[in-house]
């Protein structure tokens, strides 16, 4: 029963190896910055993938939870002088409660109604963050003090790199564990057939609610880290566009694949950087790439590649 | 009725009419394909932007408008042909991402063609407000509302009285039977995108003199039109029209009496409240899965 | 002795009375069958008993406990299991994982232990896996343990649903047309499987159109028509019942 005997071990080891080697190949802070953002997006997407990919429940509003986490950290540390860790925890608790309260009615919705409900929730959060400008600085955003943990104040891209890498590895590990457990099977059963799951004794609503809350809390924690890392946030962090980016990462990388979420986050974080060479054509190309990928790799990158690979082996 | 109230009501009906048209577009495409077309708001943007451009290029206004509508219809059909049709059978989420990709693409297209700036379009018949019961109403508002009424009536006639329209309705409720009686589903799908694009572009042209035209104008409009479509019970066109008006009026009354800061939240608060009480939309009868 | 009692149950869909003031009793042990033409209300009855539909009226009583309106998942706890006429396989999981979902109630289903993959979770999953292998072998799917469900043949999926239902360790199993769509050889195998299940002390309620199968295994038969009980009794009773013969042969001279 060694921890090495876990599901998805090879993938996790490959990820760790990549993380170890990567700093040697990143020429400067600019590249570190991109990789850190990939890590943060990956963390959110792994949580979101539990909800969308495994439990089959779409959310078009998860950036809202990311934003709440970010703003709680920003406001509590800068305006009220709280320690960063305490602010981060309080943000996560608030998001946990909020998502728990809202999850029951939201998770009753199906398909497009669920899409609408979560989208609406996200938009409302953004509007609140934009309008309560006394607290949040309004549409122009607000600065965030640096992170600190037990008196240590991480500073600079390399330090942040290792922090985010550690959190990412932990998130991947937890996600892989969860999916291979009875809870993970229950979540996948909910996706496969709610009615069958229920007749087998799975309390479908409970699992939907809990996975919604879990993914929201993960988003909130990532939002807090993001706020401290970038040092400045705007309501856009919680916005519809950001929610869409997150879902797109999950779907593009491959639904129901933890490493797919990481791959999707990596691609969609890097792509806009590459596309800046297209200047004015940036959005045009980005949209076209999105459409093309989804048409030709409907199940997403990692599952499609995995199929190709297994097919060749047979 | 106080003049204030009338004022809010009129402005609510004006924006509500736009939401209604966008919501109609969502509904029509949903009926034909069960796709939620998140690029619906971009049709509105394209209608307004293209008119600005054609008018600026020296075309007379009516011709500029007609060209803009034609162009948007063409784009709508291309979207169906090259993005939606090849993805036939994909999951809901995948289709959502595809239409979102399309909306980013169309916004990108507008930026390339016309830049990222705000443009204004002259109103169709002057800008001297008309006094109705103490409320001042822009002539353009009357155009928006009148245009919407004409479109809704024409569509009702189309769906109930013409062969093609009836075929669209039939194939929405029972695709298999429709195919058996020889209805060409591919054509219906293409037509639904053409129709929705047309509705969107007309809405965009009518509202542009009030709301300005810029590449991002379709985002919020699209989302609120989606609200209207869902509120009306997805795939119920007349429900979408009614819901669009309800949303528009509630928004204007909120802005007038409560807080203009939270005006944009109204549509979403309504939709959440309604969905929590009636998980299948306001005007739907709801059904159970057969196992 | 009764195990399950349905009392004056009704349910209609937009004017159509799918189940109309129906009462019946299931005794512990024997195989009970429900037959009747398409649309008679057989599936609706299963859906009502398993809590998927709420009844318009009437009660469902399991060993003196009123279970009308219970949450569906609680009924599994009370020993009620079923399969579906329209397959409800978890196509996103392997065959054995499908069966392991059936053991959900006996598993440690807490998020916290699952996230950290405690030794308890690991041990539990090992045991569950072994049990699932036994069940899959019981329904003759030993070759499909880790198979992708979306590449399994239809007949195998039908048996997978049975294994999954058995995994809940039910007292009653409701089988909705287990032989539909199967070839004659597969039907014979299902016949044997149903008897094996019954021999294990599980009360089987069978909905089936294959009369040879029904007449061969059933101890008690209910005949539904239009949501009402047309007749009930032993195989011999049913064979000799003029109403049933008329309904099944489509005779029109019968008085109503």
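Should a chain be cited, it is by its letter among A, B and C, assigned in written order, with residues numbered from 1 in that chain.
Throughout what follows, a residue touches a chain if its C-beta (ideal position, glycine included) is under 8 Å from a C-beta of that chain, and two chains touch if they have at least 3 such contacts.
From a predicted model like this one, the values you see are computed outputs, not experimental measurements.
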Contact graph of the chains (line, ring, star, complete, other): complete
So the chain most remote from chain B by C-alpha centre is C
Centroid check, CA-based, most central chain -> A
When centres are defined as mean Cα positions, the distance from chain B to chain C in whole Å is 47
Chain-centre distance (mean CA atoms) for chain A and chain B, in whole Å, is 31
Rounded to the nearest Å, the gap between Cα centres of chain A and chain C is 41
Residues of chain C that touch at least two other chains are 52, 84, 88
Among all residues of chain A, those touching at least two other chains are 195
So chain B residues touching two or more other chains come to 291
Interface with chain B, chain A side, in the complex: residues 52, 58, 60, 105, 108-113, 115-117, 119-121, 123-124, 127-128, 131, 195, 240-241, 244, 247-248, 251-252, 255, 280-291, 294-295, 298
The residues of chain C that touch chain B in their complex are 43, 47, 52-53, 84-86, 88
Per the touch rule above, chain A residues touching chain C in the complex are 1, 3, 5-6, 174, 177-178, 180-186, 188-189, 191-193, 195-204, 210, 214, 256
Listed in rising order, chain B residues that touch chain C in their complex are 288, 290-291
Listed in rising order, chain C residues that touch chain A in their complex are 50, 52, 71-73, 75-77, 80-82, 84, 88-93, 97, 100-105, 107-111, 113-117, 119, 121-125, 128, 164-165, 167-168
